[in-house]
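In the two complexes below, chain A is the common chain; its partner is chain B in one and chain C in the other.
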Partner chain A sequence: MTDASLSPAAAPRAGLIATDARTRKRNAAEKRFRAYGICAIGVGLLFLVFLFTSILRSGLPAFTQTVIDIEFTVTQEQFDTAEGKMLKTKEYEKLFIAALEGQLQERGLEVAFDGKAIQRLVGKPGGTIRSYLQANPDRLGAPISFELAAASRVDGYLNGRITRDSLVDSRFLQASDLDLIDALQQADIIKGAFNWNFITGTDSGVDNPGGAGLGASVIGSFFMMLVVLFLSLPIGVAASIYLEEFAPKNRWTDLIEVNISNLAAVPSIVFGILGLAVFIQFAGLPQSAPLVGGLVLTLMTLPTIIISTRASLAAVPPSIRDAALGVGASKMQSVFHHVLPLAMPGILTGTIIGLAQALGETAPLLLIGMVGFVAREYPEGFLSGFTDANSAMPAQIYTWASRADPGFYEKAWGGIIILLLFLITMNAIAVVLRRRFERRW
Partner chain B sequence: MPLTWLILLILAIAFAGYVLGRRRALNSAGGDRRVLHSLPSYYGAIVAMWAVVPAAGVLIIWLLVQPYIVNSSVLSTLPDTMVAEGSSFSLVMSDVRRVADGLDVAVSTGAMSREAAASLSTEDTDVRETLGDMGVALGSAVSAEVLGAAQAYRAMNATGALMMAVVVLLITLGGAGFALSRSHAEFRARNAVERGVLALLIAAASLAVLTTIGIVFALLFNTIEFFKLYPAADFFFGTNWAPSFSGRGGASDLGILPLLWGTFYISLIALLVAVPIGLFAAIYLSEYASPRLRSIAKPLIEILAGIPTIVYGLFALLTVGPLLVTMFGKDTLGWMSGGTAVMTAGLVMGIMLIPFVSSLSDDIINAVPQAMRDGSYGLGATQSETIRHVILPAALPGIVGAILLAASRAIGETMIVVLGAGAAARLSLNPFEAMTTITAKIVSQLTGDADFASPEALVAFALGMTLFVLTLGLNVFALYIVRKYREQYD
Partner chain C sequence: MSFVKLTTSALAISAVAATAAMARDQVQIAGSSTVLPYASIVAEAFGENFDFPTPVVESGGSSSGLKRFCEGVGENTIDIANASRQIRDKEIKACADAGVTDIIEVRIGYDGIVFASQTNGPAYDAFEASDIFNALGAKVLVDGAIVDNPHKQWADFNGDLPAADIVAFIPGTKHGTREVFEDKVLLKGCEDTGAMAAMIEAGMSEDDAEDACIDVRQDGVSVDIDGDYTETLARIDANPNGIGIFGLAFYENNTDKLKVATMGGVSPSTETISTGEYPVSRPLFFYMKKAHIGVIPGLKEFASFFVADEIAGGEGPLAEYGLVADPELGATQAAVEAEATIGGGS
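Let's turn to the complex of A and B:
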């Protein structure tokens, strides 16, 4: 026995109630440690909020479009004189300008403008008016309301991207036009409208950000997801059933298991290289086709689906299998008639999450030629939807982001909002499926 | 589309086989299903399986092999002089294919009859003009050899497609007939079907191995091809990355070191952001947080993991980059000249990796048994002391594994660096400079109209191989650490 505890070096104790310096230090350290944790979570959530506000703030303007909404009357006489002239659309433009001036004066707004200014604001309105009147001659003499899409710079001025100070006079927009825009806004002639073309339209050329739409690439993504769903669900389920229910413990099954877990961690760009070398170079499938994209994404999604399917198969209790075998079912029948139906909600949940991942994946699509292809048209039919060159949502967003005109950035953010809406919907379906059908044994 | 029809026909035969097989078995039992060995549907199913599976296998192999046979026999008809004239086989072949496609279009639109397309010759018509009139644009004038080859190509493809249809249908019918001949009451149909299904299950499971083999071969062959054109030592130890854009002729410097450096630098910054935040978040959520806070904060942080990387890429390019420029740009500190930089990409990638680190660490910390915590509290340790001196050491191998997995993610990440890191390859220590990575260069070398035979395009496969080996090595190492140093608590 030693009496080390009685060593004279021991610190004097102040008592049980008052905390000594060392305890205070330890408690302070405890508080600091806790604060680090809260900070970390706070920073993480802050990033999330920052990300979403910047997506919404920059993306929402893509869904609105500035239009010049004006109502005026063209008489039969005016129509006939205009049709008799050499420059027919010019005459209609004059009518349009006269109507615009009239309406501004009516509201007591004085602003000088000429035909050039109108062209900078709405392009050439004469053609639109003429073709409308030609198609509907019975509307002559009655007030007709026209909605003309304004140029993208006007958009930019109204939502603050371009200010009076930052504007440099160019053939696209001049400082004097801004007065006109202000007047038109006061007169309630120029206003925002929902941009349906962004959702249903197809991609435009590199110089027309206003006319770009996501529609065709949504269809491209849809066909890719069809391929992924119809290949990866059956193959993934079959592979999982084998590995979970039938596989003996041997070298081959070990090899398969190692492969699946490694494939889940292979960078997606490598799958793109695989797609390029095997599906396009070797098998000669067409470039930029949703079919090829779907095949590549299938290979990428399979590990995810296999891992989640195996988890839900393993969650079915062995008593189910034993009962089926006990009443005379074969092993195969017990799996397909009893275990698989019970595991189905879990399998579907995993599949939807895998599909959502595949939907947002971009890198492999870059290599199989989905970028750089301008998706100007919808596919003609169901089968050609798989093989015709098309874009996909994330590839389209990348294409817009890499174009020179900053007008496309807004479209890219808008595209991201649509992409995220799809992903949120898919994940919500997965959560509902899980909540509603999951059984706890 | 004949292929669609062929597939539909096979399925129709299979369906008919199913009905016939079932009926034949029932008839042989005199209509009494108790006499049958298996349920009647199994007799139908085995016929359908015999009809579809061998035919589908042959169909797939045929579709893969036919282009090769056709290409090589068409090439052998072309005179060697054509190829020697400064172009390669693949270029001649693409000419031939374009003319053949043009003829196909002309025939399908009805502008040219089948016979006219087959008998067209360069002596009495200008093929380019004729096809141009029908709306098929050709780049250059068509020589007699190319036209002949194109006609041979079309003829061979047509006979090939016909033969394929005949052979596949014969196999379908033969399979169905064979299985049908065996459908009688004593036949053990269920066992046969189950053996077949098991084989299909094994085939599906083996697809994972096949994918890996596919990846390795796709990378390996092209990498070897690349090293034939470009010395391997220069690739691995070159400190200059400057591909010549003119294609052939100009010498390219294709050294991987600047790209490796960019990759590691960006990954390092990403980990410096993600590991402290992710780890502390995981510790707080698993040790301190109330169940209510945990149930809210954990899914919210995991949302970050579900966001596609293209979103992060755009976020880096358009939000974080300009923000960093206003903070460190020439108006204030003058460190940063453009929005795309190592810092931009690293920061955003770090945000992306936070949930990855936090949810893996969370699982690992939760796996440390409660008894160890209780023991530490019993000795008078505070909660933070318990965490630092007991839980973290116990969870360390797992956490290191998680960090290594996150590093492998960071190295393989593409979209953020393509959009956020810039395109200039350089060896520099300044994190506010633009640098580039392996993945970004794979994208830039393989997109566009590159000629696949040039070293500038093939280098992407060597880069891909490096990336594959690197990430695979990191994963295997991470799993090894987790397995080897995992304490066994029971």
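Let's turn to the complex of A and C:
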């Protein structure tokens, strides 16, 4: 021990006010460490801000839509002719285009245009017109006011995705059409409107981004979550109560425990393959059905729920159990009357987090046929909601992102906003439950 | 006790749901992601114009679609498989083994395969099949000898092409597009450059030489894209030197981001493809189970609707989206009407 710094003579005595070199060094290290921490948080926040701004910037246009606001009459005769054709919607589209052309000529717009140009501007109005007329046959022969979605390129021009400079003439849109759009906007025939259809509608064909909506796949996700909730909560809670409270501690329960933890780490696509093999090919359940999706996601959610339930059961102090047993309750009574109610907030939080995770899952759905043009109709009733082919929110977003028309890309981002809203709500509920009912001992 | 009750009721609900599911009333389709857009357009129009429910169209790729198609007959199997290539004998046999014997083949039209790059990237304006082969083949002919592909830049083998690094994003092997790319571009380029003749001379059998011709180099210059064209587009967006392979319809939807190269001096368009001038095109098909007609409501109506002049014809919505109409559509319509199956007869 001849180290100079250790000898009391060499170390200058520092007072309470003056600091010596080593103290300064230690303080500096601490300051640096705090700075690293702030940097880390800052980088995280920066990513978050970047993520949110890019999501909002790309996604918000999906919530507005350019509509063509026009009043026109369909006569009984026109209706009968159209219904006699095979492609009825095309006939209504022609009627609509003719009406629009007529009105433009009446107003005397200064821009030259032809039927083809108008054809490029309108979206796919035929289906909407037909379903309206079928629902209201009494309106035939009277002027009906329609607000119909314009083509996605018109949308793109008005919200700045397509500019005059970047536009390359194609059969979808030509430079001369932009003047026509401007003129129509001046005449108040084309205007922006909130896109309710995006929230309530169903998926549409790839040539009709204006008609695409997330509604049907929200319903698909809802039915899947019902299946997940009603299967994974009881099974998960029952399994964890047994493992935590009743099961003997031996090699078998250890093995089960290890396997449950492993299961939680299995990639979700594996559950999709399992679902395809077991539920569809072996059990013969229908393809693309939310029931199968729910079953697959149940498998995926179970470990999460079991682990969180066991943790919250273990957090209930033994004194509660001892007291219950002490006043003569049976083991089961002590669990169900005392331990379980106290562990409930933790269990619910775990369940909601598990559900939120399942809600955002796409990979397993790929394999059971929920990706593609699937969410094209609302289910007819409650039971068929489980079995009718449907998509789910993340799967729908994935589908939209892979379509050629840039209009769908926008819809995909819009879908992400809606999905995030659901996830934030679910996580908020979990936080509130925890705050409100959590007990500390 | 309540948990036991809950579990039983949940199981009961699923059991009820499962029995209710037995009667499927909508047409179920799966397969090629190239045909998917067209099928979804037709499916939507079918739902809007008929009283049948809108068919379900799933994605996945030609091979996986046909695999599912051949799983058997019954309501738990798909009715129609979309394919961007013709069904293989192997697959017909697999189908037959599983009891799917009467298959109706329907050709819906043609699709062009184009080579496109970033609008402000190097001037990749004109390619020949031999250029693509020289750039991407695993073994090429240099100075009379077959060697591992040494080319780093396009200008290395063709002075007319830009001196830019070769980077190509080509469809992965599960895509039907890959097969067309191999047959109509790589193999042709192999023959044109004389590499094939040199390989045969070096003692390879003709089959082996063909296999060697369609081998794509593995040194990272050529990237297999297993996803769809959006992924290729994203890769091109990030890489100015990149060349990507797209379907004509996809390119036409994204002309603001992509510029297309001519192939053999012909620029791709619906006209040049329908006349056969543009060399890289392929027919698109769907395959239907005859056994499902009359069992699944609307199946035959859907097939007839798909190939009707109003839909798949030159003025129809499919052509509007980018499908090249089949000049022999009339024959296809008649075949669907007669329910003619592969291997003859109705």
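FYI, the second predicted complex is superposed on the first by the 310 of 441 C-alpha atoms of A that agree within 3 Å, B and C clash if a C-alpha of one lies under 4 Å from a C-alpha of the other, contacts with A are read in each partner's own complex, and residues count from 1 in each chain.
The criterion applied here is as follows: a residue touches a chain if its C-beta (ideal position, glycine included) is under 8 Å from a C-beta of that chain, and two chains touch if they have at least 3 such contacts.
Just so you know, these numbers come straight off a predicted model, no measurement behind them.
Applying the stated contact rule after C-alpha superposition, one finds that A:Gln186 touches neither chain B nor chain C. Using the contact criterion defined above for the overlaid structures, shared-chain residue A:Asn208 touches chain C, although it does not reach chain B. Using the contact criterion defined above for the overlaid structures, shared-chain residue A:Ala356 touches chain B, although it does not reach chain C.
In the superposition on chain A, A:Val371 makes contact with both chain B and chain C.
In the superposition on chain A, A:Met86 contacts chain C only, with no contact to chain B.
Shared-chain residue A:Gln281: touches chain B and chain C both.
By the document's definition of touching, of the two partners only chain B reaches A:Val270; chain C does not. When both complexes are overlaid on chain A, the residue A:Leu167 reaches chain C alone and has no touch with chain B. With both structures placed on the common chain, the touch criterion links A:Asn197 to neither chain B nor chain C.
Chain A residues in contact with chain B (one complex) as well as with chain C (other complex) are 234-235, 238, 281, 283-284, 369, 371-372, 383, 401-402. Contact residues of chain A toward chain B in the complex are 26-27, 29-30, 32-34, 36-41, 43-45, 47-48, 51, 54-55, 58, 234-236, 238-239, 241-243, 246-247, 253, 255-256, 259-263, 265-271, 273-274, 276-278, 281-284, 299, 302-303, 306, 330-332, 356, 359-363, 366-367, 369, 371-372, 383, 394, 397-398, 401-402, 409, 412-413, 416, 419-420, 423, 427. Those residues of chain B lying in contact with chain A across their complex are 1, 4, 63-64, 67, 190, 194, 197-198, 200-202, 204-209, 211-212, 214-215, 218-219, 221-222, 276-281, 283-285, 288, 297, 300-301, 303-304, 306-311, 313-315, 317-319, 351, 354-355, 358, 382-385, 387-388, 405, 408-409, 411-415, 418-419, 439, 442-443, 446-448, 452, 460-461, 464, 467-468, 471-472, 475-476, 479. Those residues of chain C that touch chain A in the complex are listed here as 3-4, 6-7, 9-10, 13-14, 16-18, 20-21, 24, 26, 28, 30, 33, 36-37, 39-45, 47-49, 53-54, 56-60, 71, 75-76, 78, 227-231, 249-250, 252-256, 305, 308, 310-311, 317, 320-321.
Those residues of chain A that touch chain C in the shared complex are 85-90, 126-127, 130-131, 162, 166-168, 170-172, 204-208, 227, 230-231, 233-235, 237-238, 280-281, 283-289, 291, 295, 369, 371-374, 376-377, 383-384, 386-387, 389, 399, 401-406.
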